[in-house]
Structures are given as structure tokens and as C-alpha cells.
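Okay, got some structures for you below.
Common to both upcoming complexes is chain A, partnered first by chain B, then by chain C.
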Partner chain A sequence: MAMFLPSGLTPDEVGFLCEAEEVTVIPRQRLEGLELLGGPTHALNPPFPTPLPLWLALLLKKQRRANISPPPWLSAEALTHILDFETDERTAEVLSPAPALPRATSTAPLEGDPYLSLDSLEFSAPFAKNAATSRAQQDALPYHWLELGHLLLTHASDDFDDPDTIRKLLRDLREVRMSKLRKGFKVLGPGAGIKMNGVGGMEIAEVRGFVEGMVNGLRKINRSREESRKEREAEDRENGLGSGSYQDDEDENML
Partner chain B sequence: MATRLRGRPAHAPGPTYLAYTPNGKKLITVGTNGAVRIFQHGSDDEPAIIDVTTDNHTAVVATNTFFLVGAEDGSVTKYSLLTNSMEEILVRCSLPVRDLSLSRDGEWVAVASDELEVKVVDTGDMTRIMHLREQSRPVKHVSFDVSGSMLAVSCSDGVVYMYSLSSEQPQLLKRIDGLVKTLETDAEASSKVAWHPDGRAFVAPTSTRDIQCLARKDWQRQKAFSGGHRADISAVKWSPNGALLATAGVDNSLCIWETRSQRLVKTFEDINHTILALNWHPTDNLCSYTNHNGELFIREDFVPSPSSSLLKIALHPAPMNNEPLSKISGNARKQADDRQKPDGVHRSVEDQYLDDLLGPDAMSEDDAGFIEDDDGAGYAEVPNGFGKRAAGAVNGLPVKRHQPYPSWRPQVQEAFQPGSTPWRGNRRYLCLNLTGFVWTVNQETHHTVTVEFYDRQEHRDFHFTDPYKYDKACLNEKGTLFSCPPSAQSQQSATLYYRPHETWTTRMEWKTQLPAGELVISMSLSDSCIVVMTTAGYVRVYTLFGVPLLVHRQKSTPAVTCASFRDYVMTVGTGPVSGDGTTRLLYSIENVRRDEICQNEDVLALPEGVELRSVFFSDKGDPCIYDTSGVLLTLLHWRTPGQAKWVPLLDTKMLERLASGKKDETYWPVAVADNKFHCIILKGGEEYPYFPRPLLSDFDFNIPVSSMPANKDDDEDKELAHQKGLEEQFVRASLQHSLQRDLVENTNASSAQKAEVSMMERGVDKVLLQMLAAECREGEERGMKALEIAALMRDRTGKMLEAAGKIASRFQRDILGDKIHQLAERRLVGLVDEEEM
Partner chain C sequence: MAYYNPESILTDAQKAPCTFELAVPGLAPLNNGSAIEHGTKLDLPLWMAEMLAVSKPAGPSSTSLVSLDMPPALGPRVLNALSADPKSVELRAQAQWFYGLGERMLDLFEEEKTVELLIDTFKQRALEIADKSQNTRSTQQGGDSGDFMGGLDEMERQLFRAAHDGSNAVKKWFESSSRS
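And then the complex of A and B:
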């Protein structure tokens, strides 16, 4: 195959993953719960708001069988608040924080880390529940914020109070956050990563190509030095002073 | 009739203005020459004259002790009425003053001049000035409302600016465009806003030479006084009680209008010059006006005799569209205005004397007799068969005496129809619930009713023209029920109309008329019956197809509201007066099919000062109420007579979303379903939902057990919050368990429902186990409490106590483990029963 695909996910693929997020719909007609491969869906019973996967919600929306109620963070008020945070000088270094993790469901019987117990399954982004339903946190952008906002504004703009303002705010947010990410690239080196909390899925997909290419290029330039270092390490290991496994390949995945 | 009419040459020919003092004793005129004249009311003597330094005066306002005169040289001068001399120059503008307006208390005067800004000056302290600067062109008129908190500014660009002066910084509330004509500031024609004395509305002359009334609440156009003038209007003034309106035009016309019908009462022909200012005498049937020729006219017997009685009404309501009819739509909230009640009559001393002699009710029937209910719109209250007024009318009752001798009367909760809203603009919701919503639009001669459903597949929305003006509706899965008040035009008495949604024969709609004189106060529709409460004190029950099942007189009247679920009917009526001067509400619940009374005239538990907002049944069939303090309550053990008690499910004031204190919102109850409270969030002090239809929101129940710790970030507080949450969960789970157990014990429950009871019981025990674990984690010293929690377990098989023992041993609380083990053993052999615990 002579097809060229950049490594990582394309925006379409990120959007596809985002369609598995649950959103809250206000059904317009009854529908029994469906037994799907991904798990059963909730029964629809108007007018009770029900969480459904985004792809199904969009399908029902197109058939005018449901309205989608936008998550609380996708409102003009909340987005303005987040944008204020992003443009504030005091927080110029960091992105706005991701939604808080839910309280641990599995209680550790005794002191210890609940995340370590075997029967617990704790979710964090991008698998956190209620990232885009009406119970979502109002003052934080979830992992799939850009894709989800875009999809909802494209297909369900009539369910928003003021879709144009929200569209504009999303665009502003995207630009200010991307510029923050780009600022971080200045310190990128062959072995260095940057720490950025709260980055969204689409933003990762967007910068991945550039960052990966650059890091690889830098590494090529530094190959001789690196090889000599590896040799030295090999020697050390032979001498019994193993410095552990050094995995520089992992670094580029940090972004 | 006017005995004589002669112009009193007050000033040199030219624009002349006048003002009465609020007590009506003095009349002050100003004109182009440098003198001010003060006439004594009721005296033909020569007026007092104050020679002043200014001339070309343009405005005058007066209180009982001083008056203010505005002049073309830009000064506003204060003169004392006690000494008839100048006191001070209050404010000086750079351009001619055009209009003055005084707040009712005389404390503030608004000055309109050819400058762009309006100055509001404290009349006692001229250094206190507010500036209103939003307008883009010079201002022609200013007008304070009755309370003095709002100022209407008519600008020469044809826009009326509404300012709120209640805060330190004046705020622009609204720009009303397209209401008044664009006029130059020195034009004879007027664009001045005249506030109706009841404070809810104002009128302004329009470019179409009508006088348009607008509501203060939503700035919507209300009724208009039209067709009286053929030229621009130069002066508009309400009579002191708002029952009449006098207007003058630049074509030398002068008209009197009746507020209620907006009809012309009289047009005067003998006017020779354009009237520039017009003033009613505060108490007498007398009107004075000044014209463009320096003359003052005092017209005695201004209003002709059949209408002159209107001047004696206490306060007439403003001409609004869809005025809530005091009796029929029980939804109208009390007006905040408690100075004087609309529709009351100033009664003479003789009447009061008679009242004292005959007792409070003897003269009450003819109070409202001066209003003819000729269009059937329900202005007049028809006494029902017992010569008493009906329940809903209590707030509309005329004041019996003058204010100095108020007779005490209990505060009665007004009747209402659950799920409906009062008129706003020309629309209202008749019914709003989880099935759908019914709304109506007033089209003057008829209404149009629209019924919309949430489930658009199951039901089809429908819409019809409604000549009967239905004012109440109920909607459920099976059909829609409407009721209309009696109409004088068609001689029709109150009618019920039921329209099923689907049938297997042709559509079987039916109508039934109530006996003459009976009105529907509240009604409800369930899956199997229709309940109607009427003004005759009857509760009428029909089947879905109109077969009357039952008629009985309600024990506690006046009726307030009702609700029904399947065969269970809950009626709420007014009971005895309680300590705080309000009447208690009493409710009864009965099963109409089995003819059994479940609860008989039990008290609806409401604390002092709190009123009932809504009554409905939850989807499981338990009665719920929502009160004005924002608490949702449900009735526990209501199927057993005498056992019922009201249990709070949710206090909306304690919701987390309100914790920040930033949000100002209230909740309009819709339903309880799926263990959630469904409501509409109302923001910004709204009381009722309006169009477009707001989204439903739902909240989980949260029984107000304890307050949540304020600091959420602290680890210790987090742990405490977790424990408090568990406690709340325990109370809630036990409540739901006992509700479900009641249901299963008293009805033919399905096996699924029975299974649910034991599931809920296990649910309660699980919460207790979590509480136990939390206590064990805290430490050894909490063992007593832990044991107490273990003793609360409901499970009788011993499994739960076994689990409790395991938890204790896992935390190495061995003593506790032993005690729990002993408890389990004693329970197993039946040594411990509930009484001992």
C-alpha cells in the first residue's frame, strides 16, 4: 500500500471515538432499551431526559425523534468563564483543569490506595462518565470538548440558546489553547517532554504529527551522541552496574 | 352641569401651565410673564401673586408646602407656599427647562431640559443630584411613577426611556421604541407618559393619536384609548383614582374616557385654544386647565352625572389585557399593592355607620353593583345562591371601611388550578405536566387553545379556536378536560368539556353544563375519573365518559384545589384560622370507586407564612405538595386513616447549585416521577414559566437531614460529608421502603412490586452497613454508635448482621464484633423484638 497516513489518529478518528461519549437527550417518542454490542441503552420515555451515546443521539436527532440537551459546560456563560481563565495572565502557563475525577467507588477495606485493589475499576479521562451529559461539571472542559462541541453545533444547533456565540467561544478557546501548547514546544528536545494537564483529544491529534516529527528529527541529529551513550551503558551493564531499562521511546508518547 | 365657564386671564398670552397641591387647596399657574399666581380652591377671590425674576416659565409642580417652577432660562426655582416667597434656585441648566416631575413624596424632582441629560434633584438638598444620561437627544417630558422608584423619560427621538431609581446608581430598565411620536422639545403636542394610579401600567400618546396603555411588568402593550382625537395629543391625565382619563388635543379638543371600557364619556366642544396642561382636582369633580393663551379654566362638574360616580371609587385597576378575573382564574397572585384594593368603593360616613349597625355582611352585596357585567367578562361578582361571595374572591373584596378602621379578616389561601399560570401578555398555560402542555392565546373575541405532547409518536398535537374561553384544563395520557366560566352573552352556564385522545369508535367528546351560578374552582383528571370543585361547595365526580358518579358537599370550604390519581381523590379546602391569622388548609383523600375515606379533613402541614404552591400525585400514586418556601413533601401512610404525616423529600433552598449564593432562582413544580422532582427553573424573580416553553429540569430527592460542611476541599470535611450523605441516604431509603410497603399492603400489588419491597429493605440495610464501616474506620471509641447502627438493621434472616460482624472483624474491632454476634443470636431466637429496641 502506498497510502500515506500520519501516525496517530486522524481528526475523523478522534471524532469517531468521541461519538461513544454519552450525551443527554430529551426524547420525543418512546423507544425500548436496545441491546447493542457496546451494552444496552436506556429506554426512552418522553419527556424524561436520558443519557445516550452521541452517535445514537445524533441519529435520533436527525430523524427528529429527540432533542439533545447540551452539557452544562457548553453554554455561553460557562465557556466565557473558562475562556477568562485561559486568557488570564496569572494562568498563562497552564491549560484550564480537566473535570474532577469522581469519588472512588471501591472502598479500600483498610488504609491503602483504592486504585490498587483488584476488584476496583476507576475511570479517568477519556473514559470518565458524565463528561457530556447534563450532569457534567460546568466549569471544566472534558477530554472530547472540541469534537463534541463541533458535532453538537453542526447537527443540533437548534437545541442551543445561542449557537453562534458558543461557536465563537469554542473557536477562541481552541486558538488560545493551541497557542499555549505551541509555546510549550520551545523547550522540546530529544529527551524532554512537556507537561500539560487538561489537553483534549483533538488537540493531541493536532500536535502529534509536528511534535513527533520534530522529536524524531532531533534524535536523528543526536544519534551519534546517543549511540555512544548506549555503548557506555552497555559497558556499564556488562560491568554489573545496570542503570535499569531506559526507554526513550516512551517520551514521545507523553504528548 | 357647568354653571358658567369663563377663562381667568392668569398670565400674558402664551404657554401657561398649572399644578394642584396634593391636598387640593391651592392651584398654582405659571406663564410667560414674570409672576406666579396661586388660586385658592373654591374661592373666587383674586389669586395671590408672587413676582418672580424669571419669565417664560415652562413647568410647575407642587407639594403641600412648596412648589417648583422651571423656566426657559434653565433655572428651577423653589418657592414656599407657607410664605408665598422664593426659597432658592434648586438647579440651573444651561438650556431651557422643558418639564418637571415630582415624586409622590415630594423628595425628588426630575428636570428635563434641552440638555441631553435628565437631572433628578433632591428637593431638600440640592447637592444630591442623579444624572440620567442614556438618551441621545434632548428630553421632552419626564414622569415619576406612583412609587417614585421609576422614571419615564420621553425623549425627542421618539423613545421612552425607563429608569429605575431605586438604587444609588439609576439604571436604564427599558427603551420603549415606537410608542411615542418624535417631537421637538418645544412642540405643543405631548409625548408625556402618564402612570396609572395603581402603579401597574402607564399610558402615552402615540403617533396614531391614540392613548396606548402599557404594562409596567413586561412593557407589553395593553388596551388603548383610540379614536377620540383628530390631531396630536397635548395633555393626558388620569383621574385621581384611575377610573377616568382626560385628554386634550392640539385641535382644541378635550375628552374624558372611561378606563374600564376605554370609551369616550364626553367630548367638550367649547375650547378655543390648545390646552397645554390639565389637572384633576384631587378630590372634587373638577378639572382645571391652562391653554396657549395665558388663560386658566376651572371646570366644575367636569364629569357628567352618570359617570361622575366613577370618581368615588377607591382605586380602579388599569386597563390591562387578560386581567386575571378575581373569582374564576384562581391563579392570580395577590397584588403587592396593599394600599388600597382595586374595585373597592369609598363609602360615605352613613354607610359606615350602617355597617357598624348591621354587622359586616349586611351591606356587602351591593358593593360591586355599580359595575355592569355587560360583556360577561366577569368584572362584577355575582353572589352565588347563598348571597355570599365565592372562595377565590377574597382578595378582591372591597375594603369595607376607610383605612383608619381596618376590619380584621383572616388571610385565606387563594384557590388555584395545579399546573396552570396566570395571563401574561395574551398567553397563559392552562396545564403543564409530564404528558404535555395546554396553552391558550387571547384573541379578544375568542381564544385559541393548543395542546402539545412530549411524546409526539403516541399523540398528535392539536389546536382549536375556542369561543367559550376555557380557563382551566387538565391533560393526561387518556384525554384533555377543559372548563369555562359562564358567559352572559350566550346565556350559558359553566361547562365541562372532555376530549379523549383516542377511541375505537368515533371520537366521543362530551360536554356537561353545571347548574346555573356554579363556577369551577379547581378540577382534576385521572386515569379513571374527573373531579370538579365548584363555588357551591360541591365536589362533583364524573367517570371519563361523563357519568356523574358522586356529588358531595365539601366539608371545608372555600375550596382551594384538588388532585387525583386513579380512583383516589384529594381535595383541599380552607379550615379554621390559626394563630398567625392565616387559615389552615385541610385535605381529604378518598377512594371514589370504593367510597372509602382514607384521610378525613386532616391538616395540610404548612409552617407559618408559607402557602401551598401545588398539589399533585407522584407517578407511584403518593400525594405530594410543594410550598412557597420551596419544600417538596410527600404523604406517608396515607391509606390508613389517622396515620398520615407529611415528610419532606427535597428542600430546594438547600440545593447545591444555590450554595454559591450567586444564583437567584426558584422552581416551579411540575411532577414527581422516577424518584426525581421535575420542575422548571425560573430565574430573575419570575414567578411563573412563560413562552417559549422552558426545559424541564429534574433534581434527586435530598431530605433535609443536616447541613453540609462548607469546605469541600478539606479531607476531614470530605469524610464528614460522606457520612452525612450516608445518613441522608438512610432516611430516604427507609422512607421509600415504607411508601412501597404501604402500597403493597393496601393494593393488589403485582409480584414485581412485592419483590421491590424486599429489595428496598436490603437497600436500607446496605446503607447501614456503609455507615457501620465508616464508624469502624473512625476508631474503637465509636463502637457504641456502630452497635446502635447494627441494631437498626431490618433484615430478620441474620445475613446482614453477619456481614456487619465481618466488617467489624476486618477493622479489628473485636469487642464490637462480639456484641454484634450476640445481637444476631438473640434476634435469631426472637429474644429481641422491635419494642425493646
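And then the complex of A and C:
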């Protein structure tokens, strides 16, 4: 129904978040570092490559004040390699893996350790550093690969050696991965999960509505069975098969 | 089951066949004004049928007021057809809220097999819906898949819409982000 906000992020929101990813920019003009809400940006000093948020990089690109150097995975060679992995029969069940996470820096919390101190924070998929800069891992698609590839190819296509090939490869990748995801839906059930390692943000946003509807539907149908199962378990417990501690609690309450 | 949820209200308004076990003079308006005797058969909406089926006016040991039967939508004929080929059955022709009806009835009758069958049906049809939602043009033009889409119950229609909206929103983002 139109009254409710959709749950989760919509594709628009995912696209917006993608613009916060950092890309490597080769400036043509000087620019002092800017004090932005998201933190200060690096000063631009031509011709030294500098990491900048994608939205700012695109803005400067449109004003012809900078060039964007595409991340290493967004090259014909790397994408062909990933596409080979996706279309290989031996890996027909899984998506190509996400970039490797930086090594864990934290240790098990010791006594007196400040909770959530900066060095105990670990980065995971959407927040991994350097996913789109020239230091990105070459053989893996980062979380925002589809959005980022699309934005760079439409607004900075002259920074690529061969934008048409890359565009074609991206489209192929998208289709292959989408059909893999769809095949994965078969395992969905009232209690079952689905493994989606390496999935991208836009891909999740695309299938979220369907998966949600399907799992909710299955749960609804399964409800009566689930309830009778719970009743049976409760009966078993009452007959003394269950854990003793549970009954102890009840006794205490009665006293 | 939310109280102000039109879907659950409409689900509850679907009818199930009931047989009265007692003569109930006061409920004559239900039967178009003629008296309700022992053994009268009536199709009553689920919400009323359920209350009548569990109420025992003559004390806890007596029989209940009505006995409830499975509606024809969940009868053996439909269930057999579903187990043969889930995709060929027009669920909408059976009941507008087929799965909702199934859920409510299975609350009252515990039938593991039917639950299993409904889950399997929903799953297989949902996968078909996911495929069809990618290609709406051919579904609107009818033909092979037109029959399938026409036979979706309301829950499946919502699923179709969700799947379609998802890919549509992505398409829209691609278009809008290319423009500016």
C-alpha cells in the first residue's frame, strides 16, 4: 500500500549513499581542503592524485576542474576476469566474492578496554575503505559496484580507455548475477535464509520487496504448523522432558 | 492480524460452509428469513463461522452450534490439482484471498499435509511470479502467461507488484542519475 514507507533502502537511497564513496581524482586546479559535515577533504594540488567523495569528484569533473581515475576493478581486464568467474560452471552457485576485508585490528576486549574504541572498530562490506579509489582491490566487486560503475561511465566516460567495452561488461555482470540471485530464491522457506555473500547494494534494493513478500507469505501459511509445534514443545516441557531450570523459575514465581 | 487492516478484514469475509447442529430460531435473518433447523447448511463468513463453531451454548460438554467444513477452495479437488501442477490452477477463481483462507482454516483444522502443500504451491508460484515480473509487457498482452497472472490471488498480486516495483525503481534511478 502506498501509505507505508518501503522497508530498507530504496534504490535512490542506495545511489545516494554510493556518492559518499571515495574515488581518486587527478586535479587540474588547486583547491584548499574543504571543511564538510562528513569531515575535511584533502587539499587538491595538481597533478597529485587525491581521494575525494564521489559526489564532489563528479561536480569537479563537470566543471572540468579534475579528472577521475577509475578504480582498478573497473577495467576491461578485471571485469572480464570477474565475469569469467561468474559464468564458470563450478561457481554457478555463488556470487563472486566481495573485496577482502582489512585485517582485524582489534583483539578480544580486555578488562578496562573502552567499549567501541576506534581501534576496535572493524570495517565490513558497505564501509570498507578504498573500495573505489585507485588503491582498490583489482579482482573483486565492492558493495557499490553497479552504482559506481554507472555513475562514472555516464559522467566521466572520457576518463576510461574503453568505456563501451566496460559498459557492456557491467551489463553482462549485472544480468548474470541477477539470474544467480533469482535461482537462489528457491531455497527460501518459512525458516530458511539465503546466502548472498558478495551481493551489491543496488542488487539488494532491487530484490528486497520480493524476498520480503515471499518470506512473509511463507511464514503466514506456516503459522498454524508453527503454533502447534510450539504447543507440543510446551507440553513436552510440562511432562518433565524440558529443562529443569525453566520449571524452577516458575516455581519461584509462584512462591 | 491487525485490527484496521483491510486485507485481514477481507480475508475474514470469505465464506466457509457450515452445518447447524441445533435449531437456532434467532438467527433466521442469516438464512434469508426462513428458520434455521438442525442440519441446515449455510455459507457463512469466516469470522462468524469460527465464533459459531467454537461456541457451545448448552454447556462445555455439549456439541457446538455449527460444524465447520473445509471450503471448496481447499477441497480435495483443488488440493489434488495443486499437487499435480501448482502453476496451472487459477487460485483467484477459488478464493480471492486463497492463502489467507488457507491460513485461517488451517488454524482451525490442523492438517500438516495441507500446510506443506500450500507452502510448496506458494513457493513455486512465487518463483514464476519473479520471472514474470521482469517482463510485464508479455503478461499484459495475455497469451500464455496471461492466464497465469489472471489466476493470482491477492497475496500473489502484491508479491508481483513488489517484485515489479523493485526493478522499476532501479531502472528509474539509472535513468535519473544519467540525466543530471
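Criterion: the second predicted complex is superposed on the first by the 207 of 255 C-alpha atoms of A that agree within 3 Å, B and C clash if a C-alpha of one lies under 4 Å from a C-alpha of the other, contacts with A are read in each partner's own complex, and residues count from 1 in each chain.
In this text, a contact is a pair of C-beta atoms (placed from the backbone, for glycine too) under 8 Å apart; a residue touches a chain by one contact, two chains touch by 3 or more.
Values in this document were obtained by computation on a predicted structure and should not be read as measured data.
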{"item": "Between chain B and chain C, more extensive residue contact with chain A", "value": "C"}
{"item": "Which of chain B and chain C A:G15 touches, first, second, both or neither", "value": "second"}
{"item": "Which superposed partner A:R208 touches (first chain B, second chain C, both, neither)", "value": "second"}
{"item": "Touched partner set for A:F48, first chain B, second chain C, both or neither", "value": "first"}
{"item": "Partner chain(s) touched by A:R30 [first = chain B, second = chain C, both, neither]", "value": "first"}
{"item": "Touching partner for A:S69 - first (chain B), second (chain C), both, neither", "value": "first"}
{"item": "Contacts of A:V176 with chain B and chain C, given as first, second, both or neither", "value": "neither"}
{"item": "Of all residues in chain C, those that touch chain A in their complex", "value": "99-100, 102-103, 106-107, 110, 112, 115, 118-119, 122-123, 126-127, 130-131, 133, 155, 158-159, 162-163, 165-167, 169-170, 172-174, 176-178"}
{"item": "In the complex with chain B, residue positions of chain A that touch it", "value": "26, 28-30, 46-49, 65, 69, 103, 107, 109-110"}
{"item": "Contact set on chain A toward chain C in their complex", "value": "10-12, 14-15, 147, 150-151, 154, 182, 185-186, 188-190, 202, 205-210, 212-214, 217-218, 220-225, 227-228"}
{"item": "Residue numbers on chain B that touch chain A, as the complex places them", "value": "434, 453-458, 673-674, 695-696, 698, 722, 773, 810-811"}
